[in-house]
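Below you will find the structure I want to go over with you.
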Amino acid sequence: MIFNDFNPLEDKIFRIIDNDGEVINNEWMPTITDETVIKAYKSMLFARTADEMSVSYQRQGRMFTYPPCVGHEAIHIAAGLIIREDDWLVPAFRELGVMLAKGVRMKEIFMYYMGFEQGSNFQEANHVLPICIPIGSQYLHATGIGYSVKYQKKDEVVFPFIGDGGTSEGDFSEALNFAGVWKVPVIFTIQNNQYAISVPVQDQTKSVNLAVKSIAAGLPGVKVDGNDFFAMYAAYQEAAEYARAGNGAVLIEALTYRKGAHTTSDDPTKYRTKVEELEWAKTDPLLRLKKYMDRKGIWNENETELIEQYKQEIDAEFTEAENYTPYQLEDVFKYMYVEMPDVLKKQKADYEQFQNWKESRK
Amino acid sequence: MKYIFNFPDIGEGLEEGTILEWYVAKGQTVKAGQPLVNMETDKVVTDIPSPKTGIIVEIYGNVGDTVHVGKPLVEIETEEALATQNTSVVTEQSKPKPITEGASVMGTMEIADSKAFLPSSEEGAEKQDSKEMKITKALATPLARAMAKEFKIDINKVTGTGPSGRVTKDDIQRFDSVRNNGAVPIKTETTESDFSTDLTTYEPLTQIRKTIARNMLNSKQSAAHMTLFEEVEISELISIRAKFKTQFAEKNVNLTYLPFIVKAIVLALKQHKQLNAQMDLENDRMIHKNRYNICIAVDTPEGLVVPVIKDADKLSIFQIAQKITELSEKARNRKLTLDDLKDGTFTITNFGSIGGIYATPVLNFPQAGIIGIGRIVKKPVVKNDQIVIGNVLPLSLSVDHRIVDGGDVSRFINRIRHYLSDPVLMMME
Amino acid sequence: MSVMTIVQAINNALDIKLEEDKNIVVYGEDCGLEGGVFRVTEGLQKKYGIERVFDSPLAESAIVGTGLGMALSGLRPIVELQFDGFTFPAFNQIISNVSRMHNRSRGKYKVPMVIRFPYGGGINALEHHSESPEALYAHIPGIKVVIPSTPHDAKGLLISAIESDDPVIFMEPKRIYRAIKQEVSEEKYSIPIGKAKVLTEGTDVTVVAFGAMIRECQKAITMAQDAGISVELIDLRTIYPLDKETIAESIKKTGRLVIVAEAPESFGVGGELMAIANEEAFLYLEAPPKRVMGFDTIAPMAKGEHFHLITPDRIFYEIERTVKF
């Protein structure tokens, strides 16, 4: 078992391929077809393309602040391949690839970042919660869902995500602890991308790593090379089996690097160096998987053309989002309660009177 | 379609940028998202991607030039039809505004332009003296204010008799009648609780008493009171009255001398209009009343009330007598309405029916005149140089000397004597 | 004198106090090296060292709770919470302990700490970045709540807050963080907590507001002046304790009150001021007081924010209605 053999207390890291895409840990190589590997790479490529375009749209002034996911693709796509249609995704806000795998459309992502809450009402994705910005709070929700599906005897597993910064929040520890006590089917992922805005993980905790925090909650934990697709895939595969068998929750620390800024309004040059960025760039997930595929000679599609195709698809999604029905006054009130109480009806009516007055003055 | 791409607010604290390198040239085809230019800003060097697919028609600015946000960068010829501007134009309402240099990590922040400059403030650690403020407006409950509005009264002109000088509903009602005829609506408040000691007994003031006090004082302090005394020999009047008394009684009308006095006064007022006027100092004018609404002071157990005979000039003696009977009834039964009490123009106070010969009546402010009728005295008078027994009616006419001059007072009272001494004249003239 | 934005004025206040009092420490998420996500603490770590100006791990409850511990034992901490919507993990520490220590120990322990955070909407932000929670905090007995609207006031009020021996919540209107410039003295000065300020004198109606709304009110006042309405504008500056005297005196003068605030209307500052109008100036009221506040809804995201933000024409609309009552 990965979780047994890679003891986080010894600061072991679970890795299968190196930076050159060479398999260095063959015994742990998961069972996975070449087709799946290719599909994974293409999904990662799509996610990265979408991410880059999102940043570009923001720069063009067509979308507001966006948190880039570039660098996290292996984690996302690996999870995306394991997560089933009925499994639950409980995201923070940097899980684009997993959301896409669950059936969230880029149009919905774009709508959200343009400022339409409607973008969080995923039309085709089942069991995906909206993005959760209050750091760490979503982990508790995941534990609760875990209890619920266990109680209802459903064969569903919960996949919450958090960042390295989030592990300092009380909710993080509480969620793990409860999950341990209740023995719920939850696969907790920490995307340790080294930074919480400007704070490096070394200043976030003096713990040897983040995976060890599972021990305090009585859960198995493992530190994985998050930029290693195969390691992530294997880890999720094992974790899902473990959880579906009723053994309870696990914690996966996925080590990666936040290649982009915290958001499009953040300037990383203030707190980290180009040198560091270049070092980490060598571990890039797409790069490594590509090299693996080249080494095995299993993929021969034209990547450039593929990217072009993705760009068109993504741009079409963006156009759809831009042309979405304009926000109505009613939308401000409609979803506060299942049934609108009188006080809100009155506030809306008063505002409409104001609008009439405004119109009459023109 | 030609599309001009302006240097956008990209939310990185830009007001302007410097062109470092152009990636495209005129005539070149570009795709949406493709980097057009490399710009240097306050903190970062960044590529600006193209929002559209098309051909570069024009490039604005050379390497090294500074471009302000919102100014054109390139012009692109696209294949789109004209009506889809919305894809690139951010609506005004959600237009991201420039953020400041550096980051905010979330949102689009506004930075000050030259107009957003505030004057400096002197305020520091020194003590701020609180200014002593004089409030000259009326205190009143919202209810009282609503009433004042309804009566079209400026509440700030009403003297308040409530706690802390508050203007109450009663004050407003009273003001309303006072401003027209000084009438006091009947109050039925009787809060009598005596607190006695050996030497003194305390009785709380009723609303009526307080109002009367206020009105009396106000009248005395506002008008220049002057009183002229006269006598009228009314034997004629007495016989006429005797003649009709029974007739009137059959119609349930009590015929006193008062109706004749009212008639005489009204006729006199018509010829001496200053006595039916009111001085409006605030607006520098005299208000002449065109109606002749005579107030009759009535004594009731609750106090003095002064109902009004409206348009007395249009009424016959009978009708006046009828009105007086009616109003007295109402007064004693406390059924007088606000309308019965307002809009009076001249007052008669018939104290003689109770007692007293001459008096110096207090004006029913803001009326110009009030006539006091004393008790009829049988006494020797000179008629045709003979001493005979006469029936003398004493008149005490108080006027507001601001409005009425001495000569007019005399002429007015003469006219009244004229009519009362020979009542038939009231019918003839 | 120096031209400053609110961000710079606050930075200057912190600088002055850090220099003056060695027991002051400043911390929060990204406050040290980066100087805060809004750069409010920029340059301070470099000047005063990492022991005095530093980054904390990501945990608001811990930031405030540890701050309390420091305040009880000789330091004067100034802690930063990154955004209004993220102060709530710390709410427990504030309501359960920060606000109570002095009372609990009958005066033996004081809590000379300042909790700062940016608040308010109007920046096209995502959820949780546009909250206006002053009423939630003002309703806690034992703390003070201060909100400046100009660079000059921000500096003076913050210095007062820092020098106060009571715990003070210092809310900074992020929408105008850099939108206003003002000449501010570089010397130390303070503005008393608990004093509102009459910004414009008028006779027809009193408008009370604070923070970013002051600027919107000022625009509305220009509209009102064109309509012949004379408006008296009061900047609250301190939410708790409210300056009842200044407010009451003004209402007595004008007889009308309009309150402008971003937060949801129900159970907020508006209701509190209307209570004051009733308690202190009932007999002077010529129209019912009116609150111009947000809906009882979550602040909409960017595409819907314009419905919710209080604009000058909406303020003018209510001013006119109140005057015409």
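When the chains are written out, they are named A, B and C in that same order, and each has its own residue count from 1.
In this text, a contact is a pair of C-beta atoms (placed from the backbone, for glycine too) under 8 Å apart; a residue touches a chain by one contact, two chains touch by 3 or more.
Note that the coordinates shown come from a computational prediction; the quantities given were computed from them, not determined experimentally.
Counting only C-alpha atoms to place each centre, which chain is farthest from subunit B?
Result for the farthest chain: A.
Which chain's mean C-alpha position is nearest the mean C-alpha position of the whole protein set?
Centre-most chain by C-alpha means: C.
Report the inter-chain centroid distance for subunit A and subunit B in whole angstrom, where each centroid is the mean of the CA atoms.
Those two chain centres are 69 Å apart.
Would you mind pulling out the distance in Å between where the CA atoms of subunit A average out and where those of subunit C do?
Distance between chain centres, rounded to whole Å: 35 Å.
From the mean C-alpha coordinate of subunit B to that of subunit C, what's the distance rounded to whole Å?
41
I need the residues of subunit C touching at least two other chains; which ones are they?
Where subunit C meets two or more other chains at a single residue, that happens at 30, 37, 124-126, 129, 302-303, 305.
So which stretches of subunit A touch two or more other chains?
In subunit A, residues 64-65, 114-115, 197, 266, 270 touch at least two other chains, as defined above.
Residue numbers in subunit B touching 2 or more other chains?
94, 96, 99, 102-108
What part of subunit C is in contact with subunit B in the complex they form?
Interface residues on the subunit C side: 1, 3, 5, 7, 30, 37-39, 42, 83, 123-126, 129, 150-153, 156, 174-185, 189-191, 195, 197, 245, 249, 252-253, 255, 282-286, 288, 302-303, 305-306.
Which stretch or stretches of subunit A touch subunit B in the complex?
53, 56, 58-62, 64-65, 114-115, 197, 262-267, 269-270, 311, 315, 319, 322-323
Once bound in the complex, which stretches of subunit C touch subunit A?
Touch residues, subunit C against subunit A: 29-30, 33-35, 37, 55, 57-62, 85-86, 88-89, 124-129, 265-266, 295-298, 300-305, 307-308, 313-314, 317.
Name, in rising order, each residue of subunit B that touches subunit A in their complex.
Those in contact with subunit A are residues 8-12, 31-33, 43-44, 46-49, 51, 86-88, 90, 94-96, 99, 102-108.
How about subunit A: which of its residues touch subunit C in the complex?
Per the stated touch rule, the residues are 64-65, 112-117, 133-136, 165-166, 168-171, 196-199, 203-205, 266, 270-271, 326-327, 329, 331-333, 336, 343-344, 347-348, 351, 354, 357-358.
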